[in-house]
Amino acid sequence: MAIAVTVWNEYRHEKRNPRIAQIYPEGIHGAIAGALTKAGYAVGTATLDEPEHGLTDEVLARTDVLTWWGHMAHGDVRDEIVAKVQKRVVEGGMGLIVLHSGHFSKIFTRLMGSTCNLKWREANEKERIWVLEPGHPIAQGLPEYIELEHEEMYGERFDIPAPDTLVMCSWFQGGEIFRSGCCYHRGRGKIFYFRPGHESYPTYHNALVQKVIVNAVAWAAPVEGPANSFGNKQPLEPLAK
Amino acid sequence: MAIAVTVWNEYRHEKRNPRIAQIYPEGIHGAIAGALTKAGYAVGTATLDEPEHGLTDEVLARTDVLTWWGHMAHGDVRDEIVAKVQKRVVEGGMGLIVLHSGHFSKIFTRLMGSTCNLKWREANEKERIWVLEPGHPIAQGLPEYIELEHEEMYGERFDIPAPDTLVMCSWFQGGEIFRSGCCYHRGRGKIFYFRPGHESYPTYHNALVQKVIVNAVAWAAPVEGPANSFGNKQPLEPLAK
Amino acid sequence: MAIAVTVWNEYRHEKRNPRIAQIYPEGIHGAIAGALTKAGYAVGTATLDEPEHGLTDEVLARTDVLTWWGHMAHGDVRDEIVAKVQKRVVEGGMGLIVLHSGHFSKIFTRLMGSTCNLKWREANEKERIWVLEPGHPIAQGLPEYIELEHEEMYGERFDIPAPDTLVMCSWFQGGEIFRSGCCYHRGRGKIFYFRPGHESYPTYHNALVQKVIVNAVAWAAPVEGPANSFGNKQPLEPLAK
Amino acid sequence: MAIAVTVWNEYRHEKRNPRIAQIYPEGIHGAIAGALTKAGYAVGTATLDEPEHGLTDEVLARTDVLTWWGHMAHGDVRDEIVAKVQKRVVEGGMGLIVLHSGHFSKIFTRLMGSTCNLKWREANEKERIWVLEPGHPIAQGLPEYIELEHEEMYGERFDIPAPDTLVMCSWFQGGEIFRSGCCYHRGRGKIFYFRPGHESYPTYHNALVQKVIVNAVAWAAPVEGPANSFGNKQPLEPLAK
């Protein structure tokens, strides 16, 4: 059965700013959902201003992998929904792909435990995303680097825990670097942070950027690993008297 | 100048249960503080029922490394104090040593992002803590394993992110294992989780257990690394027109 | 197309010792190859005493994942064959599953860079292999632990580099633990060390042990990541005069 | 007692090329040894063309940390000396600091198990070494980045195992990045790879580059961890009959 993906988007820039709407006429979620649908996933979308942000218990329960794009309204995401998403990742094994400015989302900072702060600049500069791990499934089908002619810069120090695997790292024309493809396990769930995707650039229409997200969904999909039990236990072995 | 350590303890078992008080007449914090003082650190203590849990802004500001023991009253620790401790670790670089049942403390679960749940059993069984990384500073002066004749069992699955370094792993007589010495970086701060220390056993009087905590304090002490700046930046390099 | 697996076996114990031959009438490689064939892989076998140890250039070139069992005759494996296997892993991306006493094989110690030494004991004791990462693909379909009634003990300190991911860790009845499921990347290739499988026990007939190897092959299979180029390069960006 | 450092240098460029000799009149080893001596270490030097490359058993036995610079003559380093150095790191816990073109030295590739290949270019371009882990002891006293006006470029894919800790990553003017400060444990020993230092630039006279090497020596110095025993063992616990 196809992996079920829910593409979440704040979806405010596109409604308020005609220039952004022109780049993403169906919203950022529309562009991402299109690419994931084409890849064969079962894709739904959800946005901030829907009831429960579109993330009802039913939606979360049937979602294998959730992608998350947010920027200007992280504070409007309700804490109880964030708690449900975190629980679904950690206890349920749902994959989570956090995109670009999602670094400051409540769900990402809660899962990381640090500030997730960084440097940034909007100067239409060139980004070159270098692949560090050619044997990792998220690198499938990629060239040695992905070049984006114009993007927002994000620079180190990126205040995250060291990734379990650092798959990609970006070079920026203005002099900075950035860990831009970061894998984490949290509980039963897998998380991938992927840097590019400022709303004012057509980044999510880029075929290689789409390829990375498609690969990341496959990597982050839940595994039927052991159903862990916690709490008070009897000994498995007899203890010496 | 000596590393400044604050030894935090819930300090309720010792006040309510005469059997525990007999093991730790000066509280668990007293036993730990004694060992750290002997090692040459500048040691203070703080407990749950003091104003602000003994963790005033002044105390936190002058603390290099905080050790944390809590068990029955994690919920009584006020969220705003937890937020201050987290900030002091992540942004200020304060080290944090989380002991035993502190795995379920608010500060540890916030820094980890997962449930930190586990299996447990009180059966007076034997624990053998094996050192996996003989070249790590926390292993300084240790034998191949530390044996504790009677301890509470903690068993995997321990729901934590994979440690940056797994220094120790425990064997239990009843059939379980447990990642018992776990190093993490979060922001500028370093965190060490160390498993043993149930209140009903004299574990913190054990010289090798004390040695581990003494070593962990030295490892976790802040480093004068770069003072990171975040936010909007000018390019370091001129961009092409 | 099915993943192509070559199952390599030293294949001497089975030919010399009737008791071992009784457990593995078709050799250890036969038992492993059977399980992998049933799982749908395209499986071949190779053994030490064949010409070029069965690992000709053609065999290596068409192998996606190589499994390796050796014990008494590591020294008889020719250095130039080992060099070819290493090259095929690191530069070609071939997966490698190293089993049990393969910890001391030339190929494993070369890829690790350390001695790979350990403690051992043959006492027919119980092993319990605990799964530490329920979200990892190698944990697919497993219970919380795999119990082997009788196995050889391997104990820490296991002198390996810390695994990229520690998927499993063993408990032994006699008091030891052991990192028994270890993932590594080396170059383009992925390596999984899996502990159990002493020749005098029917371990490779165990359905859960087989499941781990089946999962590990899927995880270790090559990825069509970037074809890296090395050496002298022109600048991608014009340098300032 | 002061940490004992041996600074090893190939020492051929300086003897053959007057331009290099002008930059390093006392050899690259002289410049490094000077900085380490000033920092309070007990420093000796050793070079390729000395008997046993200056690395006699006595020298190795008393060395806590060895730094290694080589470039044009890796092949002239005798295998038996390399084997001794590897043994002293892995079994003896000696620290090893591998500098710049030492990435292709026999000792480094043996400890890594991969090719350690990379991209390079000599174009007098700017390098900016960003600190990723401000809480790591090797970051002590550093700014957010170290800028070198002119250096040789090294670019990813750098074919190394993912470091245990990635402390620094370089930006290059011509469009590449490089993991330039990499920590590893191998056996009892700790290894730090540090990128900058092409012979035709005065890099080792740079105070911040010196600071990194000084810090790395302190980090890599041996720890009195457990003296591991390997081989056949009796059970620690009585086995059930």
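Residue numbering begins at 1 within each chain, and the chains themselves are lettered A, B, C and D in the order written.
FYI, a contact is a pair of C-beta atoms (placed from the backbone, for glycine too) under 8 Å apart; a residue touches a chain by one contact, two chains touch by 3 or more.
Everything quoted here is computed from the prediction, not taken from an experiment.
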Pair joined by the larger number of C-beta contacts - B-D, C-D: C-D
Chain whose Cα centroid lies at the greatest distance from that of subunit D: A
Whole-Å gap between the CA centroids of subunit B and subunit C: 36
Subunit C-subunit D separation of Cα centroids, rounded to whole Å: 31
Overlap residues in subunit A, where contacts from two or more other chains coincide: 128, 131, 133-134, 144, 157, 162, 164-165, 173, 175-176, 185, 187, 226, 228-229, 236-237, 240
Residues of subunit C defined as touching subunit A within the complex: 93, 126, 128, 131, 133-137, 139-144, 164-165, 173, 185, 187-190, 222-229, 236-237
Of subunit C, residues touching subunit B in the complex: 128, 130-134, 144, 156-158, 162, 165-166, 169-172, 175-177, 179, 238, 240
Interfacial residue positions of subunit D with respect to subunit C in the complex: 86, 90-91, 110-115, 117-121, 123-125, 153, 155, 157, 159, 161-162, 164, 173-176, 184-187, 226, 228-237, 239-240
